[in-house]
Structures are given as structure tokens and as C-alpha cells.
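Two complexes, one shared chain (chain A), two partners (chain B, chain C).
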Partner chain A sequence: MDIIKSSFKHYERLHLNGEIDLHNSSVLRETLLSILNAEQHVLVDFSELQYIDSSGIAALVESFNVAKKQSLEFKILGACGSPLQVLELTRLVSVFPMVDSETCL
Partner chain B sequence: MSTINKTDTPAKTVIETAGMDAHYGERQVLHDINLSVGEGEIMVIMGGSGSGKSTLLKHLLGLQRPSAGSIELLGQDICGLSRKQMLALRRNMGVAFQGGALLSSMTVGDNVKLPLRENTKLDENTISIMARLKLELMNLAGFEDLMPSELSGGMLKRAGLARAVIMDPKVLFFDEPSAGLDPVTSVELDELILQLRAALNMTMVIVTHELESAFKIADRITVLFDGKIAAIGTVEEIKQSSDERIQNLIKRKPRDKSVDADAYLQRLTAGGRK
Partner chain C sequence: MKLIKNIECQSCTSVLCNIRQDVKAACVDFGYPDADINNIVLAIDEACANVIRYGYNYCEKGWVGLKIYENGGEVVFHISDRCAQICEDDLTAKPRCDDQPGGLGLHIIHEVMDSVHLVDGPVEGNTLELRKQLPPKEAQGQ
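On to the complex of A and B.
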């Protein structure tokens, strides 16, 4: 998994590439929590993410909860394929704010 | 063996047995089992009681060693693995036993979290959310702090499944998912099995007696009789099999109980006074 950080509008954008699983989900968790700790809004770009397991989903859930408590924005961009199916299976599509493309922001 | 031609076999093989025999003492219980299951495939094992389904499952799990032949799982010959190597391989396998097989001294939540605590260094917050996600999936939200003795049979089974998939295994083995469940829960479990496969591309081997469930979830079905593979095929191929035993199984026709008088008398009196 690669995590590429960049700025987009008022968000700190995390571009995820590859696969997130038990071996690397803690890196995603730490990255997300450190951005929120710096009180920045988060945009998690799923457009090139091929796979995410429950540990990756748990990192997103925990971070989203922190964001909510701090009144920070936390959005998921461009989810498709298997990662979208995982979000649907876990019914988190109705929890996370999801956006299809940058133009929606 | 009237083997039906395999169709739609996925490209990457996850489980493969070749010429596998199994014995309990001198009694041979599996004969020349040649089976292959592809990545993301749901293979259902069917057959009457005593046909060898559970024995086959135990061998695929590496709990018993075959007396002949080989078993490959995720590209590794499990008969040649050391205990440590087998433990490492098992991290990619989930097993849901018929009764749930939860540890009675732990809460439901701790049972579900156990594989993560034993096999990973994940943060406890992550572990808790993962367990709750799986309990939600199994319709067991809010039961985390109960003891297994406080759950019904169907709930135990679902909690066992939650534990089996907590690490999102590449391969899931499931013994009689629908047995003992009410019809609605049984249908929900079938849906869940299909969703898990779709979302996580999980390969599944499911032993079941339930025809309706098997026909709904299977990509292919293996039918066992007397420890031998009678047929392997898609649902349609199995339904159209010309094998009378398979048709009897599908139509739930009782086994032929006619008696060969000499053989029967021999069985009753063998070893007695000459």
C-alpha cells in the first residue's frame, strides 16, 4: 500500500494505492489520526485502492469518529470495486460521507 | 465414479487434492479424492451421513493426515509442513464449526477477538471495531458482553462465523451453516456468505445437508458417497446428473433397505461360535 499525502482545497488528501490489510492498516490508522490531531479536514481517496480488509475499515471508523468529535470533515472519494463492496457489506456507505469525484467537493 | 465435467473452474487454484485416501484404523473412509477449488469459488460438499464429508473437511484443514495422496492449500503441500508452518498457513484460513465452538469461559466479544489478539499486533481500538463490525454483520450487535451459554444455537453459530471471518481469511471452511437455523436466519446466512465472497473474494468450502442452501450459494458441488466422489459439477449439472444416488439425494429418497440374506446373516454371526 502507498499513501500519498497532498492538499486539495481545505482538505488533507490521502491517496491510497494498492491493498490495505492486517500488515499495513496500522500505518493508515496512524496517518489518519495524526492529520486529525493537527485539526485538518480529511479526504481519503479510494480511487486507486484495490482491496481493504476489516482492519483498514476499522482504522477509517475510528478516525471518522475522532473527526466527528472534533467537528472536522472526513470524506471518502471515488470508492469503487471491492473496497466499495466492503463498505456496502458493512453498511458504512450510510455512515461515511462518500463523494464520487473531486467536482462534487 | 460418474464425474461430471468441471465447468467455469476459476484460473487460480486455492485447494487441490490428488489421489487422497484416508483411513480410520484399517477402515478406508476416503478413496482417491481429486478435488480442486479455485480462488473466490464456493465449493459445497454434499452427501449422506457417513459419506465422508466431515472427514474430508478435517483433512483439508490439516487436522488429519491422508494415508495416501496429497493436499495443497494456497500453494503449499500441507502434509509436508512443520507445525509452525501450518500455524502460519492457518492465519489465512477461517473455520466455522457446526456448533460455533466458542470458548465457554470468555464473552462472545472476546471469543471473536481471540484470533486477532493471538495473531496480530493491532491496536485494541482496531480490534474492538473489527469485532463489532463482524458481530453487526452476523446480526449480533449488542451481544458482545454475553457469555456463550446465554446465546441460542443459531446465535452461537453466527458468533462462530464472526470469529471465523474476523481476520478476513483467504479461505473459509464452514461445517453445516444452516443446520439448526430457522428458515429466515438460514436465508440471511446464505446471503451473507455470498456477500462475503463478493466483497472479499473469499474462497469457501461448505459442508451442508441443506439442498436449498447448497443450490443457492454453490458455484460447484462435490457429491460424496461411501467416501468416493460421485460427481463434481455446477448446480445445474448436479441437478441433471444421471446418477441414481444423486437423484435420490436431491429428491430425499430413502436409501434402499433391501437385504442380501446371506450377507446379512454373515454380518450378524461373524466371529461367533463355529
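On to the complex of A and C.
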């Protein structure tokens, strides 16, 4: 898994590439929490993410809850394929704010 | 039951990627549609990850076995370990609260698979049996 950080509008954008599972989801969790700790809005870019398991989803849920408490935005961009199926299976598509493309932001 | 694939590995999180590849290849051969393959791979990954995380508490010296069988119109997955024995109650998916991170793995396994049970067998450890109907012949490979 690669995580590339960049700025996009008022968001800190995390571009996820590859596969997130129990082996590396702690890296995602720490990265997300460090951004929120710096009080930045988060945009998690799923567009090139190939796989995510429940440990990765749990990192997103925990971070989303932290963002809500801090009144920070937390959005998922471009979810498709297997990662989108996981969000549907866990019924989290209706919990996370999701956007299809950058133009929606 | 006809044994299709037999995988044995150490209880390292780094092996999960290889297990997913093997399960995906088997599911392609069985003719499941892509969406089902994604879900089955995820469910098996979750079951193996649970063994590593909760059974072995991330100790990498444990043993994990995965056997894939074809049994008539269904595929049977056996995930085995040598951990402290668990019971059927431990496999019950707890009611989920959407904004809480816990319990997702077991929820996924139950959502994807047709049945989730422990099988009697090994003197030590556990064998989790997951069953999934094969797709209808006319739908295979779509």
C-alpha cells in the first residue's frame, strides 16, 4: 500500500494505492489521526485502491468519528470495485460522505 | 468432498496477501462472478486475519491452514488453527452500530457466506467451516 499526501482545496488529500489489510492498516490509521490532530479536513482518495479489509474500514470509522467531534470534514473520493463493495457490505456507504469525483467538491 | 486447494502458512499478517491471491484463483476456476469473488476473498481474508489477531494475538509462530473443497453444488472452506478452542457463540455476529469500528470482520463473513460453523475434528485448535453455493452453470464466468 502507498499513501500519498497532498493538498486539494481545503483538504489534506490521502491518495491510497494498492491493498489495505491487517498487515498495514495501522499505517493508514496513524496517518489519518495525525492529519486530524493537526485539525485539517480529510479527503480519502479511493480511486486507485484495489482492496480494503475490515481493519482498514475500522481505521476510517474511528477517524471519521474523531473528525465529527472536531467539526472537521471527512470525505471519501472515487470509491469503486472491491472497496466500494466492502463499504456496501458493512452498510457504511450511508455513513461516510462519499463523492464520485473532484468536481463534486 | 473433493479437495481443490490446501494452503498452510505461519500466522503472519504478511501472508494474507498470498492467501487472497490463492482464494481468488480458486474462485475464478469455480466460475463465480467478479462481485462474488471479491466478497468471498474478503470473507476468507477476514477469517484468517481473525485467527492471527485474536487467536494468536499477532504471534507469528502459529500455524494457519486453509483447505478449499468442492462439494456438489457448493464450495467449502476450512480455516484451521492451533489456538485455544472457541465455541459457536464466538461466531455470532454482534448487532452492529454503524459508526462503531468493532465487529466488522464477523459481520462481513456472515453477510457473504451461506453458512458459518465450527467443525469437530482436531484435538487442538479450531476449524472454521464456511460454505458458499456455486453460481448456476449459466452464470459461471460472467
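Convention: the second predicted complex is superposed on the first by the 105 of 105 C-alpha atoms of A that agree within 3 Å, B and C clash if a C-alpha of one lies under 4 Å from a C-alpha of the other, contacts with A are read in each partner's own complex, and residues count from 1 in each chain.
As a working rule, a residue touches a chain if its C-beta (ideal position, glycine included) is under 8 Å from a C-beta of that chain, and two chains touch if they have at least 3 such contacts.
Since the structure is predicted, the reported quantities are computational estimates derived from the model, not experimental observations.
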| item | value |
| --- | --- |
| Fit or clash between chain C and chain B when superposed on chain A | clash |
| Touching partner for A:V95 - first (chain B), second (chain C), both, neither | second |
| Touch count on chain A, higher of chain B and chain C | C |
| Partner chain in contact with A:E19 - chain B first, chain C second, else both or neither | second |
| Chain B versus chain C as contact partner of A:I57, first or second or both or neither | both |
| Chain B/chain C common contact set on chain A | 21-22, 53-55, 57-59, 61-62, 82, 85-86, 89-91 |
| Chain A partner contacts - residues on chain C that touch it in the complex | 13-14, 16-17, 20, 35, 38-39, 41-42, 45-46, 49, 52-53, 96, 98-102, 104-105, 107-108, 111-112 |
| Of all residues in chain A, those that touch chain C in their complex | 19, 21-23, 51, 53-55, 57-59, 61-62, 64-65, 81-82, 85-86, 89-92, 94-95 |
| Footprint of chain B on chain A - complex, ascending | 21-22, 25-26, 29, 53-55, 57-59, 61-62, 82, 85-86, 88-91 |
| Chain B - residues contacting chain A, complex | 120-123, 125-127, 129-130, 133-134, 136-137, 166-168, 195-196, 198-201 |
